[in-house]
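Paired with chain B in one complex and with chain C in the other, chain A is shared by the two complexes that follow.
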Partner chain A sequence: MALSTHTTRSGFLLPSIHSAPPFFTQQPNPNTQKIVTETWSRLILSYARHRNLFFIRVEDAETQGSEWDEILRNDRIKRRLLPSHLSYILSEMVAKNQAVYEPPKQTRSVLLYWRLPEEWAEVLHQWVTSTGQLTTILTFYEITDPPVPSPLTGIPVVLLRKAIAVLAKTGRAQIIAVADGEGARFFAGTGR
Partner chain B sequence: MHRFGGGISALERHKQAQRSFAELSSEISQTQISNLQAQLAHFRKALAQFASTHRDKIAKDPSFRHAFQQMCSSIGVDPLAGPRRGGWWAELTGIGDWQHELGVQIVDVCVSTRERNGGLIDLAELIRLVSRLRGPGGQVTEDDVARSIKTLEPLGAGYQVVDVGGGRKMVRSVVKELDDDQMVVIAVAQDGGGRVEVDGLVEKRGWTVERARAALENMLLRDGLCWLDEQDESCPQVYWVPSAMQWDE
Partner chain C sequence: MALARFTKPVDGTIPVPALLYDDEDLVTSQDGVGIYDGSAKSPRHQIGILALTSLRLFFISVPAPADSFYLDLSHVVRTDYYAGLLRSSAKITLHLESSSEGGKDTGSGDLIDELDWSTWECEVCGNRNGPGWSPAKAAVCSLCGVPRSVSSAAATPSKPSPRLAPTQGRTTLNSASLPLLSEGASQVPVSDPESVGQVIACPACTYHNPPSLRTCEICGTSLPVAPSLKQVTRSLTASPAPSSAVGSEGASFIKLSFRKGGDKPFYTALKRTLQGKAWQTTRSIARVAVGTTSPAATGASGINQILNTFQNNAEQRSTSLSSALSDLEALASQAKQMVTLASELTEQIRLAEARSKAEGRASLSAGSEEAEAANFIQTSLAQLGLTMANAPVTQDMVKDERKWMEELARELGGLLQQGQEQNTEHWEDATSMASSPGKDNTKATGIMRGRGIVGLDEVWGGWNRARGVALIPPSTFLQVLPHLPSYTSPPLLTRTFTSGLSVLHTPRYTHVAFTSRLSSMITLSGPSTTLEVARDENVTVSLAGEMIAEVEKDGEICRDEVQVDGPFGGGRDIRWWINIFEDYVWDGQQDT
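Let's turn to the complex of A and B:
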């Protein structure tokens, strides 16, 4: 049986290790598990980026039908990532700042950093600049759900807030209370 | 008196004869040496010409390279010898550089796959990955790789070609002795596409359960040479030897 890559229904290319049965078992050898954890972390982040997903929960490994099924399960070899294993991987991702527990003070759901808040900040600033919206007040809703889809479409408010905070530190953004919630105003600058 | 005088002249004659023999012999060896030197000079000239004509072909064509290596060993010349002995040969053919470059590529592949295979890679797999690294026209043979690995030996990093039986060879890139039982496990795993379990070793090799379990657990926990799979329907603990699995990438 040769281990080969596989393209999922959503067009994601799974690496060949995803068709290796032991990849789905938590390894007793710490060095081996380190490789497994790193590979799963990369896989989760790149799949999240591919599908524009921001959250993964331990329960996604518990029941079938989650948006993460394509990577958490491999029905061709009858293997799946067990919830306890996923929980361990998520804790390692949090430790490496590849994710944060969100909401905080629990360990069953994480916000994924396939872009760090600092990187989102640059994406956001660039989008605001290129669409000519500098100095205009934008509501959060106008950013997360713009009429013309942008790289920020669907970004969770909690992450958007972090990105704006990064820009605010360098004087490139300011959070402003608006009638129907919150908004922000952006200013030109390079962040240096 | 007569006898005495005769004795002296005989001695003189004898000495004379010895002197001329010595002269003759040194003359002969002189001729032989200069002959040999002439031959060697001729050989070097021919070789230089051969090398400059075929340098590219030696580097690019695996079968030509093989024939060349064979020719070298049959005339007792080591194309890889250092500067002190026959280094000009390596310089002329460029095979020294070529071989060392291959060595670097082998190390590259071994190190980059070590994480997943624990420092043991199938020779065929290594050749495939090295060839891919070298790009088109950079084909190498088993012979080339084995030779390069030999040049890596002085580094003491443990690079070695290991025969696991059944005509299968693996390359080990860690300083770790494989014991006999591990060799058997690897051979059995290779027959099963990398999969091996306690019962299989008991059935196929007549091992006791304890022996099979000990060998597998050592490979799993101590050496990191195999991975555990707990989701197999037929057996609660299946071991997989990544270096015996076929990876299409």
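Let's turn to the complex of A and C:
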């Protein structure tokens, strides 16, 4: 059976294996399942990057109509990823630091690290530098929802705080309490 | 005439309940009854009371109590009932016959008669048995149940007295009371109470003993012989009996005429009593008791008796047990015969086959019919697992353990692949023909029956059924299996699945062979379910499932599992795919 790639409505190129029914089944063979999990992890992360999604929940596999439908379901072969299988994949991703349970101490919802906090830190610093806002105090809202769309648009505060923390370690940022919440001031890469 | 022959006189002045034995019950009584001796009226027995007891029938004459008599019910063989018509009153006819009991064993009958109305002392418990029991009961001690032994009866001082007493009493009393009789019947009852009142004074202690006792009730001294009441009545009626013996000689029945009614209830009571046969049970008990004592006349009594009974019981039990065991042995030997017969039959069939082959195809039509029949016999024997050419190998035939195993393996191998030998040369072709399994072995009749894979349980069961005797325990069976490949062609291998299921299989069903076959099947005909694989491989679904699971464990295949919603809750539908993940390279969206 010839499997082929498929482009979704959102313009995402699905891998050919997405149209193979066994891909949606949790395999009892550990070696086989390892490949399945890896492929799924990559698919989830790249789709998250494509759609700028940060969270995925087990519920997304249970109910139809979520923003993940395009990869969790394949109506052409009448297959869908079962919640139990997704839960297993997510736990594997957390174990490999590709995601983190957010909020912590539960396993139903994860924050996806399609960029690691360190990578986000670099992206953030680059954006601040490129927009000439060094040494300026920026509130979190100004970062996550800037008037001109940026790579950081829509980034969850949790992830943003982690990225700033990474920068703070190297002396390139400082968290400052401001009147309407929290803010941060960024410095040039002096710490390096 | 029947009246004189079968009846015995009693003292009519004594009320009936007092005349009864201790083990006798009064059933019913009826007054206003007349007696017919044969078909003629018995003139002296026309008004009286009829009393029915469990053992006897009493007639108490009202005008002349001396004419009263009793009849043992054991003499009655048949009864007839006549309901009466107009002035003729209802009648019951009793057909009489001297009891067969007396004719058969006169010895015991005599003994019982002799024992009648005399006291005796039990030699075991020392109980003095009174005369109150019926003849049957009187032969057994009323306290300990030990029968009265003849020797003891002879030894007791009371024994000679009844022999002597009648003659004495008769001679003395006949002379004394005959005049009374001649004077009138009314006088007789007067004389009787007198004789009843006669007591015997003990010569030692002067205690007045009842006349029936032979020894003093107080001190045990032997009493002087005195004419007892019984002897008086006996001697009294001894004389009138001959006088009435004028009636018809042949008539052996008497009639009871119910002048005052009451015939129906009396007849039903009589019938019931006759059916009850109370005299027979008591007599038979006595006879049995007397009979058992005879072998050991001196010692068999009391504890000895009980011990004897136990011993007898134990002997009986052991005999029945041994007979049952001999039955089992006979069965076992028959099973051996069965196997022998089966082997002979097969031998004959083989001969017939050989002959038909030798004859060639010339007489094809007749020969094929014969062959068909032979084939049918062979297959039916195979169904029974009895197609063994030789008797089963048993351990005592082979001394060496290793040799024993090899012999068993040879036997089992032959059994498994029976009728398959002629196909061995095609085997290699068959293995290469992956899509037609079992097709070449349609003639095979062994346990394998042309299949390539078979469960160990089935093999073990079939083997033991074929052996019939000297069955093989599972442990030995498992020991034989490693030897099997060298005695089978193609070699039969053992394989145990992860679930614990063990099978015997041909090389065709090794893991490697099956894996490659399954892969090619999926590649050729697309993803398949277990059911399709089972059908294709000609094995059961569960076996196919086991084999596929092994392949999946190797990662050669992967599964596509779908939850199917059906009307009854649905289920999971699994399709088997070639492992598409094995060398999959990401061909989706490339991250920028």
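In this text, the second predicted complex is superposed on the first by the 189 of 192 C-alpha atoms of A that agree within 3 Å, B and C clash if a C-alpha of one lies under 4 Å from a C-alpha of the other, contacts with A are read in each partner's own complex, and residues count from 1 in each chain.
We take it that a contact is a pair of C-beta atoms (placed from the backbone, for glycine too) under 8 Å apart; a residue touches a chain by one contact, two chains touch by 3 or more.
Everything numeric in this text was worked out from a predicted model, so none of it was measured.
Asker: Put the two structures on top of each other at chain A: do chain B and chain C fit, or clash?
Answerer: clash
Asker: Is A:Lys162 in contact with chain B, with chain C, with both, or with neither (first, second, both, neither)?
Answerer: After superposing on A, A:Lys162 lies clear of both chain B and chain C.
Asker: I'd like to know which partner A:Arg172 touches here: chain B for first, chain C for second, both or neither.
Answerer: It touches nothing on chain B or chain C.
Asker: Of chain B and chain C, which one contacts the greater number of residues in chain A?
Answerer: C
Asker: For A:Leu3, is the partner it touches chain B (first), chain C (second), both, or none of the two (neither)?
Answerer: A:Leu3 sits against chain B and chain C alike.
Asker: If we overlay the two complexes on their shared chain A, which of chain B and chain C does A:His125 touch? Say first, second, both or neither.
Answerer: Once the two structures are laid over each other on A, A:His125 reaches no partner at all.
Asker: Could you look at A:Arg115 and tell me whether it touches chain B, chain C, both or neither (first, second, both, neither)?
Answerer: After superposition on chain A, A:Arg115 lies in contact with neither partner.
Asker: Would you mind checking which of 7-15, 79-87, 133-141 or 187-195 on chain B runs into chain C after superposing?
Answerer: Clashes occur only in 187-195.
Asker: Under the contact definition given at the top, report the residues of chain A touching chain B in one complex and chain C in the other.
Answerer: The answer is residues 1, 3, 5, 15-17, 20-25, 27-29, 31-32, 35, 78-79 of chain A.
Asker: Mind listing the chain A positions that touch chain C in their complex?
Answerer: Residues 1, 3, 5, 12-18, 20-29, 31-32, 35-36, 39, 42-43, 46-47, 49-50, 78-79.
Asker: Which residues of chain B touch chain A once you look at their complex with the stated criterion?
Answerer: 115-116, 118, 193, 195, 220-221, 224, 227-233, 238, 240, 242, 245-249
Asker: Which residues of chain A touch chain B in the complex?
Answerer: 1-5, 15-17, 20-25, 27-29, 31-32, 35, 78-80
Asker: Over in the complex, which chain C residues touch chain A? Could you list them?
Answerer: Residue list for chain C touching chain A: 526-527, 552-553, 555, 558-562, 575, 577, 579-582, 584, 586-591.
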